[in-house]
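The following blocks contain the structures, represented as structure tokens.
Both complexes shown next keep chain A, but they swap its partner, so chain B is in the first and chain C is in the second.
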Partner chain A sequence: MRAAVVQVATGAARIGVIAVMAFAVFGPLANLALWAFAERWYTPHALPISWSLRWWEIVFRPTGDAMASLLTSVWIALLTVIVALLLSIPAGYALARLKLPFRTLIMVLFLLPQAFPSVSIYINVARVFYALGLAGTIPAVVLVHATHGLVYSVWIATAAFAAVDRDTELAARDLGASHFHAFLTITLPQAAPGITASAIFVFLESLDEFTGTFFVGVPQVTTLPLLLYNAGMGGNYQIASITALILLVPSIAFMLLVERFLGADVLSRIGR
Partner chain B sequence: MAGTGARVEIEGLSVGYGSSLIIDGLDLDIGAGSFVALLGASGCGKTTLLKALSGLLPAANGRIHIGGTDVTHAPPERRPSTMVFQSYALWPHMSVAANIGYGLKLRRQSKPAIDARVDEILALLGLQGYGDRRPTALSGGQRQRVALGRAIAIDPPLLLLDEPLSNLDASVRQTMRSEIRALQERLGLTTVLVTHDQEEAMIMADRILVMDRGRILRDGTPEDVWRRPMSAFVARFLGADNGIAADFADVDGGTELTLIDGSRVVLPGRPAFEGPGEVRFRSAAVGFGGAGNGGDGLRLSGRVVSALYPGGRHRYVVDTAVGSFTVEESRRASVGEAVVLAVPADELHLFPADSAEGLAQHLPGGGHLRVSRPVTDCLA
Partner chain C sequence: MSRSSALALLFVAPALALVAVFFFHPLALSVISAFMAEGHGPTFANFARAAELYSGDIIHTIFVVTSATLLTLVVAIAISGALTLSASPGFVAALKFVYRWPLFVPFIVAAQCMRTFLARNGLMNNAFVALGVFDPMTTSSYLDWRGMVITFAWKQVPFVTLLIAGAMASLDRATIEAGRDLGASRLRVLVELVIPQVMPTLLVAATLSFVLMLSVLSVPMMVAGSQPTLITVDMAFRINAYGDYGTANALGVISYLIASGAAIFYLRHTLKDDGR
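Right, the complex of A and B next:
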């Protein structure tokens, strides 16, 4: 009898904890969803007073700011991925395979941009870019995003290459493949899932990035997060909510993909 | 297809990692089409030598010729040798057929030619129908075969095997030993096998090189190496686990041994050396002597301290006044029982003390043995 009571109590406590966590995660999302379809909504009303799809029309109008900034965002994210991969594939291979002096120092170096307050870094970056005439251009934003993304791509690429059995590479060379050919046909394909995952991380980080874009891109470059910020500041919660929902789609889709691509063998080697 | 193997000549080869040389000044000549086993404990330099042959480890000094061509400074991709790795090193992102065809593709053979050759290899290794599978979907023995197939697909003049069977179950290993041997004979490939398994080396190779600390201690046919190990180290490595320290002296044309307890034994034939030395013999060569049997060789009284039955013959540990010995014997004995160990004279290997490379004396069978003190005195 007592045991049954304890069981019910722990069951209830468990459900309670799950409910609180679910509210923390899904509460704000529900708020977003409501705002995206609200026409008029103010206190003390718990739910919107009237509903409308008008704002979706405005956001998705071909000539609208939202579509233009979505395109800009995706374009910047793709370029960022390319830049990050061009650097992280050779860097990751070198860090995983070669006996480099100061290897840990190099790994930490990629972490540095994240270690300092981003605003102070980006203000100085903006100053340098102004002097170079880069400020307010897409390449400037891509460079800032790539620097930010390199920590993921280099660390994950290093782990992915380290997870590839060195003998498989040597076996290819033994059969007559040059170093480069062995890398292309044996090492890179085996590291590909990890590299793909790192590319997805970089893509999502770029899509999401606000501070750096704000300092080096404004006013010429408007990405989706900047549009969201402008709409939010202007009191237009509908546009802000719809933009936020749009930003969610690739995040969720890619997260599901990452889970598939990143095996435990790679994850366990990250940062080593 | 037979006779594709190349002759390998190594002169004054030195190889190592960084500044420390594992192998220093090694000379070796391997005949075309022969099957050589490099046998030794881990760290003896056998894998280093194999890597030097494959080009995975650069030579610090000396020369390597394969099939008459100097390959001393050639990278692995420019050498005619192929290697089967201990880990197999199969490519998990490619099918079995693509694994086997990789070397052919590199040699720019046409697709139909590659397909035909891959099918031929699959059939040769009993892997028909597995071409489309991934290596990860195969059993250990099948993976081993794919690794072998990948290495022999290009008809290499020199095949290098790095502990190829060490990851297999005992029964699969037995089959693969004879399969690899048969394949090698059929294709006429010059083959170098690295192993620490004495039985594997004996069964597969037609020439055995026992290595220790980067040097070749013994070089000969399996039977020759087995019968005349020539040094205490080689004898120990080839299963002569039992050893007795003794003093050797030439007495009237016979060899007199003084054991540590003072007892004396005389073996037929003049000794090759005098002074301190060592007698070694295999556990399979020892038997329990009968009471009245005063025949050849060495006789020691002792007491059984441990008895095991691994199947077939019993395995005993017997304590005597001159040490404890392992004995394989078909007769049953219990722990504590007093027994007399008898080792025939031609099963005794005699070495001077510290005889890593020393000359060994081997006694011809059929001689007679004189015991100057009754062996029962040996009993403590």
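Right, the complex of A and C next:
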């Protein structure tokens, strides 16, 4: 009898813990979703007074600000991925496979942009771009995003190249393939899943980046996070919420899929 | 230097150049500008002005970021502990499913969520009123330091949990089972056996979170509009309102000092562990 009571109590406690966690995690997201469909909503009403899809139509209008921001954001993120991969594939290969002096120091140097309070860095980068006449341009924003994303692309590319099986590479070399040919046909394809994962990381980082764009991109470059900020601070919670929901889609999708892209063999080597 | 290591350096050089030009160069500029009066040589005037105008915000920043880091750690340890020690597979699966969602949610989206969720008429107060926990007349807004701490923790808990739970999963199960067999409660096993073994991971996660929160501009701007605020907002204000690079950079150097405080804390604890 007593054991049964204890069992019921433990079960109830477990359900309670999950309920509290679910409310804490999903409550803020639910509030955002409610605002995206609210027409009028003010105190003391617990839920919107009237509902509407009007703001969705405004956001997704092909000529609207939101569509322009979405295109700008995706364009910047794609360019950032290209810059980051072009730099980190050779760097990752060297860090994983070649005899490199000061290897640990070099790994740490790539981490530092992420391990430093960055607002004052961006303020001064903006000054540099201003002097160069690049302030408020897409190349400036891309360079800032790529610098910040490099730790992901370099570290993950390094781990991916370290996980490549060397024997197949040696076999190709024995059969007369050149270094470069063996790299292109054997090494790079084996490292490709890890490098794809790093590209997605860099893409998301760029898509979500606010602070750097806020200082370097203004006033000409308006990405989705800047649109969200302007709408939210201007009191238009509907536009802000819909923009936030658009940004949530890739974030949640990646959260659900990340383990498929990054296998344990690569994950365990990151940062080494 | 051998030919092969010269080649290796050549492969790494372009990536390093990007970091040098767009990170170390502005970093140096920020430090130099903090100690310079515009066109008048070295000075401490920028720090004097920063202290005079923003000493309250500096203390507030340390307080908010430390509180958020501690809250993140406590919740993340509780979740990882439950994931590691719970006897119920169903509970573990449900917890695993729920805790991860904010992992890649951008800070600015988290800020917009919390601006509405934690407001006086937000979903949190309304839910508590509906449950009869709060009286509708006495509800209040949490959009101040509490809102910032909650938003930071909401966003950082999944990341820190992922790291800590990963470290706990690789521990030797035999010691944990032995502790349980000797009659120790799960809490005691967690505090005395599990946490000490994952301390290095815990410290890395805490330090990374602390510094990351020091870099965030959107959360203090959107979640806590009024004074006092965090120094990231003050820096943006000095630039946008006055073009005052001296004071902004002095605040920047102060943020580096706060971050290095966290780094020193981390190093002291790691070195102590190594000495054992």
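Some observations on this one:
The rule is short, and it goes like this: the second predicted complex is superposed on the first by the 268 of 272 C-alpha atoms of A that agree within 3 Å, B and C clash if a C-alpha of one lies under 4 Å from a C-alpha of the other, contacts with A are read in each partner's own complex, and residues count from 1 in each chain.
FYI, contacts are C-beta pairs under 8 Å (C-beta built on N, C-alpha and C of every residue); 3 or more make two chains touch, one makes a residue touch a chain.
Note that the coordinates shown come from a computational prediction; the quantities given were computed from them, not determined experimentally.
With the C-alpha superposition on chain A as described, chain C and chain B fit side by side in the combined arrangement.
Shared-chain residue A:L132: touches no atom of chain B or chain C. When the two complexes are overlaid on their common chain A, residue A:V144 makes contact with chain C while staying clear of chain B.
When the two complexes are laid over each other on chain A, the CA centres of chain B and chain C sit 100 degrees apart as seen from the CA centre of chain A, to the nearest 10.
Legend: residue contacts after superposition of the two complexes on their common chain; A:T43 is shown touching chain C, with no touch to chain B. Shared-chain residue A:A171: touches chain B; no touch with chain C. Look at A:P189: by the touch rule set out above, it reaches chain B but stays clear of chain C. Once the two complexes are laid over each other on the shared chain, residue contacts for A:L71 go to neither chain B nor chain C. Between chain B and chain C, C touches the greater number of residues of chain A.
The overlay of the two complexes leaves chain B and chain C separated by a minimum Cα distance of 11 Å. No residue of chain A contacts both chain B in one complex and chain C in the other. Listing the residues of chain B that touch chain A in their complex gives 54-56, 75-78, 81-83, 85, 87, 89-93, 102-103, 106-107, 150-151, 154.
Note for the complex: chain A touches chain C at residues 14, 17-18, 21-32, 34-35, 42-46, 83, 86-88, 90-91, 93-95, 98-101, 106, 109-110, 112-125, 127-128, 143-144, 146-147, 150, 154, 204, 208, 210-211, 214-215, 225, 228-229, 232-233, 237, 240-241, 244, 247-248, 251-252, 254-255.
On chain C, the positions that touch chain A within their shared complex are 1-2, 4-5, 7-9, 11-12, 14-16, 18-19, 22-23, 25-27, 29-30, 33, 79, 82, 88, 91, 94-95, 98-117, 120-124, 126-127, 129-130, 136, 154, 208, 211-212, 214-218, 221-222, 232, 235-236, 239, 245, 248-249, 251-253, 255-256, 258-259.
Within the complex formed with chain B, the residues of chain A that make contact are 165, 167-168, 170-178, 181, 185-186, 189-190, 192.
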